[in-house]
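As structure tokens, here come the structures.
In the two complexes below, chain A is the common chain; its partner is chain B in one and chain C in the other.
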Partner chain A sequence: MAGWRAPDLPQPGARQPRTPAPPEQESTIVNGTATTAQRRPLPTRSLLVQSAWARRRDRKGFWFVAPFLAFFLVLMLAPLIYAIYTSLYTTRIIGGTTFTGAANYTQTLQSGEFWSGVIRVIIFAAIQIPVMLAIAFFFATMFDLGVAKYGTLFRTIFFIPFAVPAVVGAVMWSFLLEPQFGPFVHLAHALGFANTDFFSSNLILPSIIVIVIWEWTGYNMVILYTALKSVPRDVVEAAILDDTPLWKIIVKVKLPMVRPAIVLLVFINTIGALQLFTEPQILSYFETQAISVNFTPTLYIYNTAIAGGQTQLAAAAAVILGLVIVVISVGSLFLRRRRGEI
Partner chain B sequence: MSASATVLDQGQQPAAPPREPRRRWADPDAIPIEFYGLCRGTVTLVTTLCVLFAIFTLIPIVWLIINSTKTQANIFESFGFWFASPFVFGRNFGLLFQNVDGYGIYFQWFGNTVLYAVLGGGGATALAALAGYGFARFRFPGHRVLFFVVIGALLVPITAITLPLYLSYAKVHLINSIWGMILPAMVSPIGVYLMKVFVEVSVPVELIDAARLDGAGEFKIFWRLALPLMVPGLMTVLLLNVVTVWNNYFLPLIIFSQNQLYPLTVGLGLWSERAQNSGNAELFPLVVLGGLVTIVPLIALFLILQRYWRSGLLLGSIAN
Partner chain C sequence: MPFPSRHSWPPGSRRTATRAMAGVAAVAAVSMLAACGSSGSSSASSPGSSKSAAPAASGGATLEAGASCKSSSATKITFWAWVPGMGRAVTEFNKTHPNICVTQEDVGAGDPEYVKISDALKAGSGAPDVAEVEFDELPSFEVTHNVVNLVPYGADKYKSDFVPWAWKEVSQGSAVYAMPGDSGPMAFYYNSALLAKYHIAPPTTWAQFATAAAALKKADPSAYITNFSATDLQWVMSLMAQDNAWPFAYNGGSKVTINWTGPAQMKFAAYWQKLLNAHEVNGTTDVSATSFADMDKGIDASWLSSAWGPSYFAPDAKSSVGDWRAAALPQWTTGADVAANWGGSTYPVFSQSAHKAAAAEFSEWLNGTTASWNITKTAPSSLFPTYLPLLNDPSYKNTTVAVSGSSHPDQAFTAAASNIQGVPWPPFMTEALTESATVFAGVLDGKETLASAFQNFQNVLVTYAKQQGFTVST
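Here is the complex of A and B:
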């Protein structure tokens, strides 16, 4: 299918842009296609005919987008609308399904179980994200500066967990932290911490933080490393000629220049943290009483819908969680735009 | 490489300073670290920290490899980071083909995962290629609004769309159907966005216009001219989509109740639960080896196709 090659064309492999869209490209995302400037019609008759022809041709472009739009409508928009519709009804054993308006929403918003999950993921995010970003930024700068030996090798190793599905990552760490035979418990014992139980209610959240840091540091490091690579070399060279110490170059030159990437990672990770599900769900299989059915908002939704059978209530909770995340994303977008970061 | 360097030094550019021998793992463009005026031992300290973090990164995987060769009793009792006899990797591997205690067959789940990933990821890539090309190179009525909607869909969290899908499936009888897993995987707004950006950089408008003047139809231009130029971008999007399907846990967990339909993630989750709660079957070695067999193809894929995920991550980070 891709084997055919037009005779006069450059080889497909030869045109790969190693560095993709430059930052300016972002403006074209919102403003439409980049072809606009090249098609301004001139007031000659033949060109007017040509522009009518171009308009008809442009209309054909819709058929390229149509298949995706059809799938998008049926499998994303329709279910979302259906979920919102369902969330407005309540089914009772006596009385059947009745329209109850915002009742499911008020019930969710007044439910201590839902909020305890929300507070837990906020605490989780507040600890996990700064720690992970600090580690990722440290290693990204060291690799960028070439201070660490074998940087490429280490970068590849650090990235490996990104290829590991969260389920397998959680299973592996469950074994390592398991209170009866897990090697880490023996290690803690050898270091003088007898009776350490990583699955107790005190240590379960730190354990999940370690697992998630293990899973995502490499990914964050690669993004920061790429951002650092785009810091102009002459700025750093000028700083070196001024005898600026290295730590000052990192904090005063490099850090401000990659701030947009850091802000972006904070939001990506926050959104991920709010949806925390797989790790606590798998850990709960390993006989951890510390993980309740409403440990995180997503676990609350899952258990309310599947185990509890209250699908309409769960739909309301899903809509609320979705709205919170959309508000955070859109809010961050506006904040960054106002600060002129994008 | 050294041969060409000496040719350069002797012949055409006698004034050029002698090149430093390139270090194998070092970045060729980096400023040599001698210029930073570092304290003694900084390189050693940083490299040590790298080694420590590498150990942290590799510990679970090493543990998985070692313990996939053990019996259940040895997983519990022997030292976790060394082998113990009997060495039963072969027996454990054979059990992955069997229905252990009626909970399901590992390699059936593996086959399911490959099927879902290939159909879902491949379909998503095909739809994204068409749509990305359409958005990048045509200004049909409403293209701006439609693209804005697609970008907006990037903000919808997976969790918030999964439960609605489940509720809709209950209405249209797609619970316990493989299509319930494959069809939503084909909707990839990020893929559409990445393809649009990629077409803008790699398929020149002049080339398309030239083909139009030659009388080629729009779809023929896409198929024969644009698509070959889009191959690197297609690989990136395909890789991202395949990995997304491979890792998906929440959707299959709630829509499948028959274990012969499970993907690996749900199957392994079920086994971990059963391993704890039912005493008779020796499921722990299977969970360990199953986890290992799950990650090996993915790590191999990532190491072989590094170039593509790197550009994908980059584009993805711009997307947000």
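Here is the complex of A and C:
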């Protein structure tokens, strides 16, 4: 699971924990900024003075990362370079291929179609992520407190939607929400909402939000649960001895301590939202006119390349979307570093 | 969601349906729900099974059969098509042509197939020798010089065997770029019991049609004279062709005329907008479970359908079985006899083929012989011919289907077949179809008028055509 998420986040050295289990919690809470700032330059300096033995050991290490590097070069770096290269050309039905420099970039930057998709996914993220994290935190807390019987069983059940491939999940939800036979439409009807059409232009985004929340809450919950588990016992015990009410322990003690995990999830989910593709694409096969060709930036890229045959324009749009994601990732990195979370 | 999914479901098509006779994968996904439990009619032109066979379109069914394939010296031909039951004709060909072995592959219906062909053509290898390509898509392959002129391979001698409009649409000047296959002549397909109940005569002109629409609305506020599916571009364009409001002119090469905003087009838009505004026509997606349910429940009194329409509707027809009749499309001029075509396929040979002569021989046999049509006219293929010997066959015209009772709907459809004017498709229909779903979406829910959608569409297409290097006139 971890491997395919790696490209989304620039890794600041290997020190960033994949799951944000907070190993340096105490220092973070007390005064994270100072400690990390002092420690940071050390690894670089030690590289310069490393011994011959250490260098030989590094060469051995190379062979361990070689398989990853090979795939990274072939499947990540090479396509990326090719996309940038090809985005500088334009192939026309009449006239063939010519070098057009930045023309594809200016066209994308000026394209209302592309940016309306970007704005849509930002609205999507602004609603979906907080709601999902609230639900995930609630259940993570329930499991952490152990108030639920058969916790392991239920944690597994909650995690299952994540194990379902997104395509399968989207097809399933499409049938559930389908306006003619879908059970949810009948349910809405029974509740007094006649003629509910989950595929209409007004309800399509909320429908996708529901689908995505269903798919991803379990995953986010597991990460938060892990973070909650690593909250030091003595801190909680001290709070209990002080007669702190339960809700206060959750909100004032545990929540701040898992904040790094929440921040990380917010950024991971934001990047994911910018790449929203599978659910709207599948829904569009179900006679949903509400999914426009530029519904999300990735759909715009896909349709520009496939239907319009403008692969180079699509490549330019993909590079721009990639840059937007890089800006968000780097921004989050700086933010978190300043707060001393990494 | 969020995280990039590398797997995509059958990629490609955003269009509502692929108009060739069979294999509407996307629609079938929903329609199958309705089809469940209803047994398909076994009659020749009522392929109830075509729907259940459709999902195979997304698969990669490969068929290689027939005597010739057992011989290693036979020329190997690859053939891409999605019509269910097409393999039967391939097997027959292989049996009767010992020197050619045709292998059929189903790589998806419509767009998914075109995308794969385009990619293979760009890559320089991997394209099929022969493929099923819809009429509207053929010029896109002509303009890039990727299909072979079949005249040197003897295609001309088949010309007199085909309805003129179909031959015209596969020709460019003296060149013939594909053999025409099936087609979809349109007719006014109506629920005779519903119209009779309110004493409404089937309209023969569009003026009468509008009057009938108002009369029906008055008699039964929940009913509509028909469904107007603005997002189904091919269907809208077919009706425009019948109204002499075709929005394109194209004769091959780099010049194209795009005109969605001329007087004829605006008149067409105004006619339908009036009916839409008065809620006298329904506005749902056509060839869908919803539209078929509306027809069966007596909400839609008619469907401006094509020859393949009844067989798509048949599995969903329950309470209205036996009531459906076909008549000529209403006319814009009293006494005229103008029809339109909606859908259908052609079978070009690709320039990448290493065996063009053998490929051309197969395409000519598949579309230009009675031996082949006797197979493909039957279920589950149920192709409606452009091939005159079959069109003129009285026993074909007089076929009955359960959904139409004892009437002969194919009489209207075969009559329409000879009243169609061939149309010049622009060489960028994939883009047009994809964009149309977005541009016309607002018409169905009343957020924009048909005229303003035409205007927007004009802008989208002109911009695209110019970007692609065409000299565009409007």
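Observations on the model:
Note that in this section the second predicted complex is superposed on the first by the 267 of 342 C-alpha atoms of A that agree within 3 Å, B and C clash if a C-alpha of one lies under 4 Å from a C-alpha of the other, contacts with A are read in each partner's own complex, and residues count from 1 in each chain.
By definition in this document, a residue touches a chain if its C-beta (ideal position, glycine included) is under 8 Å from a C-beta of that chain, and two chains touch if they have at least 3 such contacts.
Computed from a predicted structure; not experimentally measured.
After overlaying the two complexes on the shared chain, residue contacts for A:Gly112 are found with neither chain B nor chain C. Once the two complexes are laid over each other on the shared chain, residue contacts for A:Ser201 go to chain C alone; chain B is not touched. Touch criterion not met for A:Gly192: it reaches neither chain B nor chain C. In the superposed pair of complexes, A:Gly308 makes contact with chain C only, with no contact to chain B.
Legend: residue contacts after superposition of the two complexes on their common chain; A:Ile271 is shown touching both chain B and chain C. In the superposition on chain A, contact of A:Tyr285 is made with both chain B and chain C.
Between chain B and chain C, B contacts the larger number of chain A residues. Looking at the shared chain after the overlay, A:Trp173 reaches chain B, while chain C stays out of its contact range.
Overlaid on A, the two complexes show chain B and chain C touching the same residues of chain A, namely 4-5, 165-167, 171, 175, 180-181, 268, 271, 275, 277-278, 281-282, 285-287, 306. Contact residues on chain A toward chain C in their complex (touch as defined above): 4-5, 8, 92-95, 165-167, 171, 175, 178-181, 200-201, 211-212, 215-216, 268-269, 271-273, 275-279, 281-282, 284-287, 289-290, 292-294, 303, 306-310. Across the interface of their complex, chain A is touched by residues 1-5, 7-12, 14, 16, 26-27, 29-30, 33-34, 111, 115, 118, 143-144, 231, 254, 285, 288-290, 293, 427-428, 430-431, 433-435, 437-438, 440-441, 444-445, 447, 464, 467-470 of chain C.
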